[in-house]
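In what follows, a single structure is set out as structure tokens and then discussed.
So that you can tell them apart, the chains are marked A, B, C and D in the order they are listed, and the count of residues begins at 1 in each.
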Amino acid sequence: MGSSQVWLNLTLNTLALASLLAMLTIGLTLIFGIMRIMNFAHGALYMLGAYSGIAAAQLLGNFWIGLLAAPLAAAAFGSIFEYTLLRRLYRRDGGSFLLVTFGLSLVLTEAIRLIFGPNTRDVDLPSVLSGVVWFGDEPYPAYRIFLIALGIVVLASLAFVFLRTRLGLLIRAIAQNAEMTHALGIDVQLIRSLTFAVGCAFAGLGGYLAVPLITGYIGMGGAAIIDAFVIVMIGGMGSFFGSAAGSLLVALTQTFGNYYLPDFALVATYLLMICVLLCRPGGLFGEQE
Amino acid sequence: MSVTRRSLLTNAAMISAGAVLPSLANPAKAQANAIRIGVPTGITGNWAALGQQIQRACRLYAKTINAKGGIDGHSVEFVYEDTQGDPAACMRKTTDLIERGGINLITGIISSPESLAVMPRLNDWNALYLATISGAGSLTAANFVPNVFRTCTSGPMRAKTIADWIADSSKKRFFSIAQDYAWGKSSVATFEKLITDLKKEPVGQVLSPLGTKDYSSYIARIRETNPEVLYIAMAGDDATAFLKQAAQYRLADRMQLVTEVLDIVNIKPLADASVGLYGVSQYNFAYDAPGNAEFVRLFKAEYNEIPDTFEGEQWQALEFLAEAIRRAKSTDTAAVRGALEGMEIDSVKGRVKMRACDHQAEQQVFVAQVGKTEGVPYPVPKIIKAYPAEAVVPGCRKDSY
Amino acid sequence: MSLLECRGLTKKWGALVAVSKVDIAVSAGEVVALIGPNGAGKSTVFDLIAGTTQKTSGTVAFRNEHVEGLSAAALTRRGMGRTYQITSLFPSLTVLENVRLAVQSCEPRRAYPLFSRLLLERTTEEALKWLHRVRLREHANTLAGLLSHGDQRLTEIAVALAMNPKLLLLDEPTQGMSVEETRGTVELLKSLLKDTDMAVLLVEHDLEVVFGLAHRIVVLDRGRKIADGLPAAVRADPGVQQAYLGAGHVAH
Amino acid sequence: MKYAFPLFSVLALAPLVLPGFHVTLLTEILIFALFAMSLDVQVGYARMFSFGHAAPYGVGAYVAAFALSSGNLPLPGAVLVAVIAVFILAIPIGWLCTRASGVAFAMLTLAFAQLAHAVIFKWNGLTGGSDGISGLLRNHGPWGFAGLESRQGYYWFTLAIVVGSAFLASKFVRSPMGTAIVAVRENEKRAVAIGYEPRRLRLAAFVISNTWAGLAGALHAGFLLFVSPELLHWTLSGYVIVAVVLGGAGTLIGPMIGATLMVVGGHQLSAVADSWPLFMGLLFIVVVVAAPNGLWGIKSSIANAIAVRKAGRLEVDHVAS
């Protein structure tokens, strides 16, 4: 494996990881932007997506079904949660949200263990994704190429929705000033619920897409949530583009860091966040305080 | 002030009395009632998968032995507590089991830090602990305490087995990847020392932090170094993730993959991608011994599955314990300890001896390769060679060779 | 030299001139009221003096020192206290604690002693004294957020006074009060100002209050100063009548 | 705090009647309660949410462990050394973290805690890596005083420290500095205007809160006689924040009650139900919905309701007459 191949390999790995991380964090940042809450249950929803995607795929013997089932399940569950609980709490302080979303993540994780058992679960990839792509004589997993492509498609369509549609405009408007938007006669609550559902859907999709790399296991949510918060902070809370950029930056740090300085891999991401937050407390793309 | 001081002293006296009391009270209680065994293990949380193996083995054991009238007429009862793998919780649960539950026999603790937290207290508690998962070499070396017995294999034993197996091979260049914590690091250190002694070359080493999700950078590094053999010291979900990603990069086409832990729980999610993988099988369902055949039959009847590594390891520990209680004719800590020391039994792994000097069970260790087998829908480890205890167990109170 | 000397104060918001070349001087012990119809620029002048708004041009000298660009905290330390139009007490602290915070911020020990019992006792005593003077002694242990509006405004005044300012900027002290409360407050302020050399600059809508308190009145209209003199003179000034009545007539 | 003395007396006499395990459990509760109380100084009074409070706790525990094992110091000495060490470390870290506020502050504390975790995890030679340091001893004092070695002795030692800390903390939040910290929380601009410096006050709150957490950590080391990197894991930071919010932030006593409920609830629930995290989670959700200001908030809402009803009755009486 020559050095140019190493570089190609690492670059592709960065993009694939960034695409997975972006799926995980976009929902979190959207929800923060529009509702000003830190959703600690995001990791559990990510796990829920993974497990429900696996279940659907296994039931129907088709990997692609899972891509549909995972976001739907997470969005459905998230909406129920939003409708029955979060809605009562909008006037409360951050502590209430912390406690209720933390409680939900405990409930969800344990419910998944009860339903699916504690053992690791996996999904069979269709042959087109389980194969390899050859770069010279180096095999590269087709699934990672798929992740990169999917990431680009999803981000591009989200960017379109965000910048070019009325819904995107409303989301940005509410993120800036919910009361003003409400005063303009817009159903802020509806947009909030919609955004929450979409955010959860992306968490679910991200969870399912991670399964072929890390499998589905109890504790995958807890492992994901911290990464997600770090990325969202680096990018800027509430900023869609920030979380995309943050995902790329963290993926870059982890991929190249693990290769060149594996001993510092554990702390590199946190050092990155400290540097960003000390220089720009609002994150790279966020509003500066 | 004087009151406080006096009550302080009185209480100090009461505690020392309390430490003696259980040992006096327990045998009597045990004669009359069930034999109770405490299992502080991981029921929920990240260790739930291993905890489930521990619990399944214990449940089956209780059911089986109680159907036969128990141990010398006393039924066996397990008390499970959830530690979530946290040493502080394990400490609290174990204290509760021992002090409030009046239990003096403990088994099924999962992580090494949990074991290390509990061990120094066993003497005061006058309780015994049978280690069935914790592989840290130090348990029977630097941190040895008389009330701990390790019935399972240790990390160094597994590393030694692989090194011995490799000695016969013509392969020269070795790369190691291990989880970055005590067990992974000590395994790699042991392994690299042993193969260097064999005039083979360790060409690289990577330690991956616990909970790593993307192993692609490490795989790129391994590919670039291009060793002949990749030695893997990883366990749990991390092992599954690494093996899965290694398979996606077709790593096995370029080099031989050898893992120190070849458990069904880790390779089952990989399905056919795991076929051909080499590694150490601490316990193997297909091992040909009368005790094992019976265990596998019972296990299949109960759970409709074949037993995995720690189900076998836990079963072996319980057989040791039951035999010791029979020989001691009591559950008294000192008596059971005395019976265990030097005891030999025919277990699911064949003849196993609990050596007296450091309480490490001397047993054979298997090298296995993953392959398909009849009657099991997924690939499983199949024994290719067994290494006798004399070859792989370290010297007394040692964890290196 | 006056205590406060403003010359040529000007503030432009883009093309809009909010305040234009206003001169105001306040001497020690003097109570000066700043009046004018809505949008005359009273509040802007106030904010320019207090440093919360950056001026476009002009100078502000306080106790013979140019204080341009100083923070609110620095002005406070130099002896310029103020109350706020929108009540801004610390709602979950008691009334006593609110005042005590002001007393204690003037203490020379800026290291915030942790458990100084002496400091606590002295500042509490001082704060109680101020509460007594604004007749809120019995509410000392009420949470400030639970006080009636009028009492909150009084607490504001007590907080400002507790820092022993040389100049007190009072921003609509009776705003939102009932007629009765207003009357009481005016009496109270009068008694507070009786034997002190503290100067006051007052912005107020209620002309009753203004004429009851002020020694001198400055009138603004559309950003310009149109009158500056004794109450009687200002009352008689045709320009002022024009500004007020004219505006009033249009409004009605 | 009319209940303080009776409560203290009951706790002080408890070991004379309770069996050994309960004394152990009480000790653990006291330590976790102190830990939660320490965080409340930051969260409740300065509204600085920290997601890295396990760091001072864990560092305090490790320093105490070094002092006990390598330094061979007597137990109170080891605790003192740990507190001083955490105090010194908290100053520069607090200085950096207080550059930000709100969520950014929380994430900075998390990042520093993760760094501390990584250092302790990696620095095998000193810290024992993932295996931690086991087999610590509660060393005798200089005059051979061995009273702290016993379970009861250690309980009383812990009780004295926790009660003393709670007393000091309740004094502190009413002290000149404490009220200034609350003032900054309530209305930062106004506090600045009357001459306070928010960053300095936040730093003070951070350092005090962290030092107290270090004390709790040192007590933990002496209690379990074992330390491991789990003490610095972010999950512990999460649990302690949950304890604070559950009990009611900004009340000192509330977080201690929350901590008690988490330890006792977790222990008892897990003994009867395998799926105890599910019930704990549901409990948190119910508390949030039913008690907006945490468990201790229930008490004041009841008190308020009674007050309102009384006031209403007076008014009615007034009108009637």
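As a working rule, contacts are C-beta pairs under 8 Å (C-beta built on N, C-alpha and C of every residue); 3 or more make two chains touch, one makes a residue touch a chain.
Quick caveat: nothing in here was measured; it's all calculated off a predicted structure.
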item	value
Reference chain B; chain at largest CA-centroid distance	C
Most centrally placed chain, judged by C-alpha centres	D
Chain A and chain D, separation of their C-alpha mean positions in angstrom	32
Chain A and chain B: spacing of chain centres that average the CA atoms, whole Å	36
Centroid spacing, where centroids are CA-atom means, of chain B and chain C in whole angstrom	77
Multi-partner residues of chain D (each touching 2 or more other chains)	121-122, 275, 277
Junction residues of chain B - those touching two or more other chains	44-45, 180
Interchain contacts, given as pairs of chains that touch	A-B, A-D, B-D, C-D
Residues on chain A engaged by chain D in the complex (per definition of touch)	38, 40, 85, 88-89, 92, 94-96, 98-100, 102-111, 113-114, 222, 226, 229-230, 233, 237, 263, 266-267, 270-271, 273-274, 277-278, 281-283, 289
Partner chain C, residues of chain D touching it in the complex	168, 171-172, 175-177, 179-180, 182-183, 186-187, 189-197, 200-201, 204
Partner chain B, residues of chain D touching it in the complex	12, 15-16, 19-21, 24-25, 28, 121-122, 124, 128-132, 134-135, 146-147, 149-153, 156, 220, 224-226, 228, 230-231, 266-267, 270-271, 274-277
Contact set on chain A toward chain B in their complex	1, 6, 9-10, 13, 16-17, 110, 113, 117-122, 124, 130, 132, 138-141, 143-144, 210, 212-215, 217-220, 222-223, 254-259, 262-263, 265-266
Footprint of chain A on chain D - complex, ascending	43, 49, 96, 99-104, 107-108, 110-112, 114-115, 118, 121-122, 234-235, 238, 241-242, 244-246, 249, 275, 277-278, 280-285, 287-289, 292, 294
